[in-house]
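In structure tokens below, several structures.
Here come two complexes built around chain A, the first alongside chain B, the second alongside chain C.
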Partner chain A sequence: MSLGSPATTDLVTETTPVATSTSAGPELVQLLTPEGERVEHPDYPLSLSDDEYRAMYRDLVLVRRIDVEATALQRQGELGIWAALLGQEAAQVGSGRALRPQDFAFPTYREHGVAWCRGVDPLRLLGLFRGVSNGGWDPQEKRFNLYTIVIGSQTLHATGYAMGITMDGAVGDADTAEAAIAYFGDGASSQGDVNEAFVWASVYNAPIVFFCQNNQWGISTPTGHQTRIPLYQRARGFGFPGVRVDGNDVLASYAVTRKALDDARTGQGPTLVEAFTYRMGAHTTSDDPTRYRLASELEAWKLKDPLERMKAFLYKQQIVDGGFFEALDAESADLAARIRQGCLAMPDPDPLSLFDNVYAETTQVLRDEREEFAQYLAGFSGGQH
Partner chain B sequence: MAQLTMAKALNEGLRKSMEDDAKVVIMGEDVGKLGGVFRVSDGLQKDFGEHRVMDTPLAESGIIGTAIGLAIRGYRPVCEIQFDGFVYPAFDQIVSQLAKIHARSAGQVKMPITVRIPFGGGIGAVEHHSESPEAYFAHTAGLKVVACSNPLDAYFMIQQAIASDDPVVFFEAKRRYWEKAEVDTSAVPAPLWHARVVRPGTDVTLVAYGPMVKTCLDAATAAEEEGRSLEVVDLRSLSPLDFPTVFASVRRTGRLVVVHEAPKSIGLGAEIAARCSEELYYEMEAPVLRVTGFDTPYPPSRLEEEYLPDLDRVLHAVDRSLGY
Partner chain C sequence: MSRLKQFVLPDLGEGLTEGEILRWMVAPGDTVALNQPIVEVETAKAAVEVPSPFAGLVTEIHHQAGETVDVGSPIITFDTDPAAGPLADVSVVAPHPEVGDMVPPPPPEHAVEPVSAAAGALIGEVGPGGRTATLVGYGPKSATATRRPRAGAGQAAAMTLGGTGGVTVLTKPPVRKLAKDLGVDLTTVTGTGPGGTVTRGDVEGAAVSSASAPDAPAYDPATREQRIPVKGVRRMTAAAMVGSAFTAPHVTEFLTLDMTPTMELRTKLQALPEFAGVKISPLLLVAKALLLAVKRNPDINATWDEAAQEIVVKQYVNLGIAAATPRGLIVPNIKDAERLSLPELAVALQELAATAREGRTSPADMARGTITITNVGTFGVDSGTPILNPGEAAILCFGAVRPMPWVVDGEIVVRQVTQLSLSFDHRLVDGQLGSQFLADIGRLLSDPATALAWS
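On to the complex of A and B.
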């Protein structure tokens, strides 16, 4: 099949036998319907306490609040750009809460919900998008790698890390053994690095979960331009299982990821989890989705909103009351205020800090360059320029 | 003291590093059972096991990318890229990840990874097996780049590169793999980032690295018969460049010819010439000249003798330098 002419490109879109962006197919693992009805799945039994259900909903709400506040800060010129996770909260909170403390996550640049679950202060994320840092937290302390912006690169890092887990003998015990998880998207699934990561993970039987958030869009490009089969089915060709989960269902995302991680840590090798979800916002604040997708598609996905279905579930279970939501609203507002104040107060880095940490052992060439620039800066009155 | 080829000296150096540090692992295509296509890792898998000397799948980006993950886990990987022209599939992982992770993490994540690359021509190979891609890497902040030219340096430099907490791209002059020299393993090695005057002289400085060091030494021997005294500097480190050693030599001779196999434009020679003009403008008797490969793709092997700088082309440049 050639993609050589515009005519055939259109043909691909029309004939590609993938699910449309609102229909995931019967293989979808779901534990919570869009209406908030709890359903069972034979492979993924799940029983959480009332506190855990409430905590999961709290995560969803706070993560969305962080995202909304960051988008607003970008609109007001306080962030250079923001990559919104709107719509993907359940996939991220579900998988993020499935991680055990000893597990290690390798995110892209949109995993604000996973960052939240790993205890990374949201202000650290904002620092990156404000432009005061290219990282912002200690990956080892949080067991959450730095955001990786080149699409798909981190899947190889995660795979190598997982190989190291095996080499350290830290695979086997269901409670204490370790696993890695690599986050990426439907667009990244076309990258060579992701496919190489699949090969490596399979050959080395590495304790890793590949968590693909299929949010239906790689900027303006629909998933049908990345694949002709459902993405989770790709795993079979590499020699490990794939599963498609409802990425707007926090409970299913949790249960499926938990099992995949536990399979990995007990030596059963990798799993590809395709979290079927939807990017309800723009790719980033610089993007304009009205140029390439219909408003009706977004409206259809709004009916599957990850927060609304969990809220409905909590009501149906009768484990929340008005006081719970009021308290959560207040916590949410406080968090937003803290983020806003923290962002505005964030200082620009010292100009000479750009020479810091280029190397573990710096070089004379770099020391000389720094000194020359320092003298140049000092030439301005009061050291200002 | 033993007479070792450069390939064997590298092998001994790798062995020593693996003995000294259990976190050192070797990974690459055919590095295990076969011992590498140049046998540089010969016997290491047998002695250290398949976990420490890994025959990887055939994908260079995967080699570097997984090595990065292993480094995050605390390992100290030594990656072999089988030939110079095969490094480009790994270019993104080297330039965008390996080089930048230390800075991105504000120093919290170290990348003690060595990327070994046999480089240069002169072995009659097919396309993509004779290239000199060092400038791409020397141009990238966050990487260190070195090139060994002889067995003694090879033995120590590979150990120093592996021990470095920074990523090091380690170029091995593949047509010098089989040349022998005395290797005193009890010697005290020079610091890895230092250039070395390998032959003192008074009339013209020749600066080279990797395979061209021997070419320059041969040229200096020939020139001596004509009564000319050439000083030869082996750069050893291409990033950082050891300018003090180069400047000191050029101050002594007043004349400089830079020699490399890589194409002339925007190569290491251009950087060295620019720095000398900034630093030694009033002390040089002649402009800096370059003897290099041409600004062409590396040619089919029947033409490589024309492409590669040789003794005559070096001496021709020496004549031109002395003619100013």
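On to the complex of A and C.
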């Protein structure tokens, strides 16, 4: 990839254009406008019960609360680092809710909303970022792989898994068949791993959904430096369909992902879903976005907030009353208090546990090293110095 | 149950060792809520607002705005139960232990073994009630230490330090060994590490019994001297300049020249529509001349790779411009400057200056420079012997342009005269190359038409 030689820059200005970082272009699938108006899309019919609408909003609110509390805990020295999902709640909750129990999700390190939908206790996420755990949950049980820090590599894991589903013969019936979903970002779209995953998934017609949250920034690199066409259009070159969905619209994110998963399960092969969204906060708590992006861009995206539009929709449809929001506020505060307390009370792991999972069966060398390390540690515990 | 709780500066990024207090948003006597923003701290990575870890009353702020604070030092104390009456013999609960546990803070020299405050817990064991901190005496940080309990000492042995005899010095085995080797009595050393532990630096300091003055930031009328802490940009500048001056053997050459034709050309160019809204400064034309001269003398745009024992000649010019800013001297550079047309270069230069003035220059703007211009002429100075920006092989110093007597065709006339000086790294640039390069710049400036022949 060429990052910005003058010649390239000129071409970029000539050919890109449907979309900027704040406007997604006409191809965007949307079912709920930023003002909370329900609109229809011919390819993605959706009818949900009032309970389902309420549950989706609840997820959005609670997931944001978890994220805000975790960010505060990092600032207070309780977490080593935190990757905030602020602004991306709808893309994650929408796609996460579209998963069936048998599907398998492969996250990055920011999929706290998907983790929530898969029933992973938020405290498990905090343990990882607190440095007291290397994982935190049983991926098989939750059908949610461990967080992957390496950028883009989980797309290959997911593709391999999906190819395995085909080999197991678990493709065909929309209700019982399985699918895999790989999460990644606009930054990862430039990685070799992701492109290799596209190739394998395509030629093996693997039952997988590539779910790209285009949050406009790969740390400090704008999407314009990652691609000269809308990201979803890349799928065409690999031989499978791509679609751009409003990632701040939980309903559209749900409907589009559900369709893509159904296609995967029924043997229609992979789909690339580009959820057009925005990272409202820093890349991680180690980052300062004010150094590289403009406040005006942030302000433009505030108007597209995923929670506000759903809230407006619930009000307008008279699906909820004031009591609903009050109860949710209380639930949200309780959740924050619970994870704060749980985080502070988390025990440090036994230092010797680092030897536990090096090999399936331990070796003599490892046993010796463990013993040596144990003696070294014991040297700190003596009262006399 | 202790009411007073201290909050220590956490590692706000990954592996940071210090931060500067930018602004307090609360003051002693204020009541704060959990997660209410209380202070803005700038680290090497970001300026961030820190939310309060406690709800309660602020009783003390330990470091004022402007101070640089080590990670692990207490910055604020709260009374978490102000309704319970006045504070009498309330002891302070140790700073949040998790900081020490989670992030092995500072670099090796300052590192102390993270001191777990999980009460009564041996390594790997959980103290009762999770991380309930150990009670300690109230006082400066040297006294706010907690320590690992004796092996096998069982549980919940809250330990009080400071005041009750039996001096135990807290430090790491390697530091202990260092003290022994240097003949330093650890009991005489004041620990400055988290929790009052003695660091390697403390021992070394004691060994040389240095007369290093403690924190004395202000003017002292007795000595008539002012001591200013070295930090931030000043410290980086100092390190870079010392590094450069003592690794690259510098040679400086001078050239005085008649710049009148360039100054006339500048007026003509300024009238062109291409330059509408852009200022053509003498610096711009010097920059352009330098870029053309680099093209004729590409080996000047290079770096000495000591590790690889190679000279790296760069096919791109990231042109650094030394800028005096409110934060100090910085050298942002214009990336791929050799590809820019004159109007583009003018805009780039203007933007670079504006960004620097506003203090918004990013680290990326300052990285990967290949050659630099320092424009001392703006200060009315004629010349200098500039020190290389580390990693670069040449730096051009551009002096003031003044009307001076000059000999033209045997007559003395008044001309616009300036001085250029060029410092270069003699490890990879010989006198011939350096001289040619400087002379080429001079030729372009004293006869800009030469540019047509060379571009």
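Heads up, the rule we're going with is that the second predicted complex is superposed on the first by the 360 of 385 C-alpha atoms of A that agree within 3 Å, B and C clash if a C-alpha of one lies under 4 Å from a C-alpha of the other, contacts with A are read in each partner's own complex, and residues count from 1 in each chain.
Note that a contact is a pair of C-beta atoms (placed from the backbone, for glycine too) under 8 Å apart; a residue touches a chain by one contact, two chains touch by 3 or more.
In this text the structure is predicted, and so the values were computed from the model without any measurement.
Enquirer: Let me test your reading of the model: by the given contact rule, A:282 touches which partner, first (chain B), second (chain C), both or neither?
Expert: second
Enquirer: In the overlay, answer first, second, both or neither for which of chain B and chain C A:135 touches.
Expert: After superposing on A, A:135 lies in contact with chain B but is clear of chain C.
Enquirer: Figure out whether A:126 sits in contact with chain B (first) or chain C (second), or with both, or with neither.
Expert: neither
Enquirer: Just to be sure I read the superposition right, which of the two partners does A:352 touch: chain B = first, chain C = second, or both, or neither?
Expert: second
Enquirer: Mind working out whether A:273 is in touch with chain B, chain C, both or neither, as first, second, both or neither?
Expert: In the superposition, A:273 touches no partner, neither chain B nor chain C.
Enquirer: Considering only the defined contacts, which chain C positions touch chain A in the complex?
Expert: Residues in contact with chain A: 7-14, 35, 45-53, 96, 98-99, 101-103, 113, 116, 118, 122-124, 126, 129-131, 148-153, 168-171, 173, 176, 186, 336, 339-340, 360, 362, 364.
Enquirer: How about chain B: which of its residues touch chain A in the complex?
Expert: For this pair, the touching residues of chain B are 25, 51, 56-57, 59, 61-62, 64-75, 89, 92-93, 96-97, 100-110, 112, 141-142, 144, 164-166, 193, 239-241, 243-244.
Enquirer: Touching chain B in the complex: which residues of chain A?
Expert: Residues 106, 133-135, 138-140, 145-146, 148, 150, 153, 155-165, 167-168, 180, 192-193, 196-197, 199-200, 203, 356-361, 363-366.
Enquirer: What residues on chain A touch chain C, complex-wise?
Expert: 5-6, 69, 72, 74-81, 130-131, 220, 282, 285-288, 290-292, 344-353, 377-383, 385
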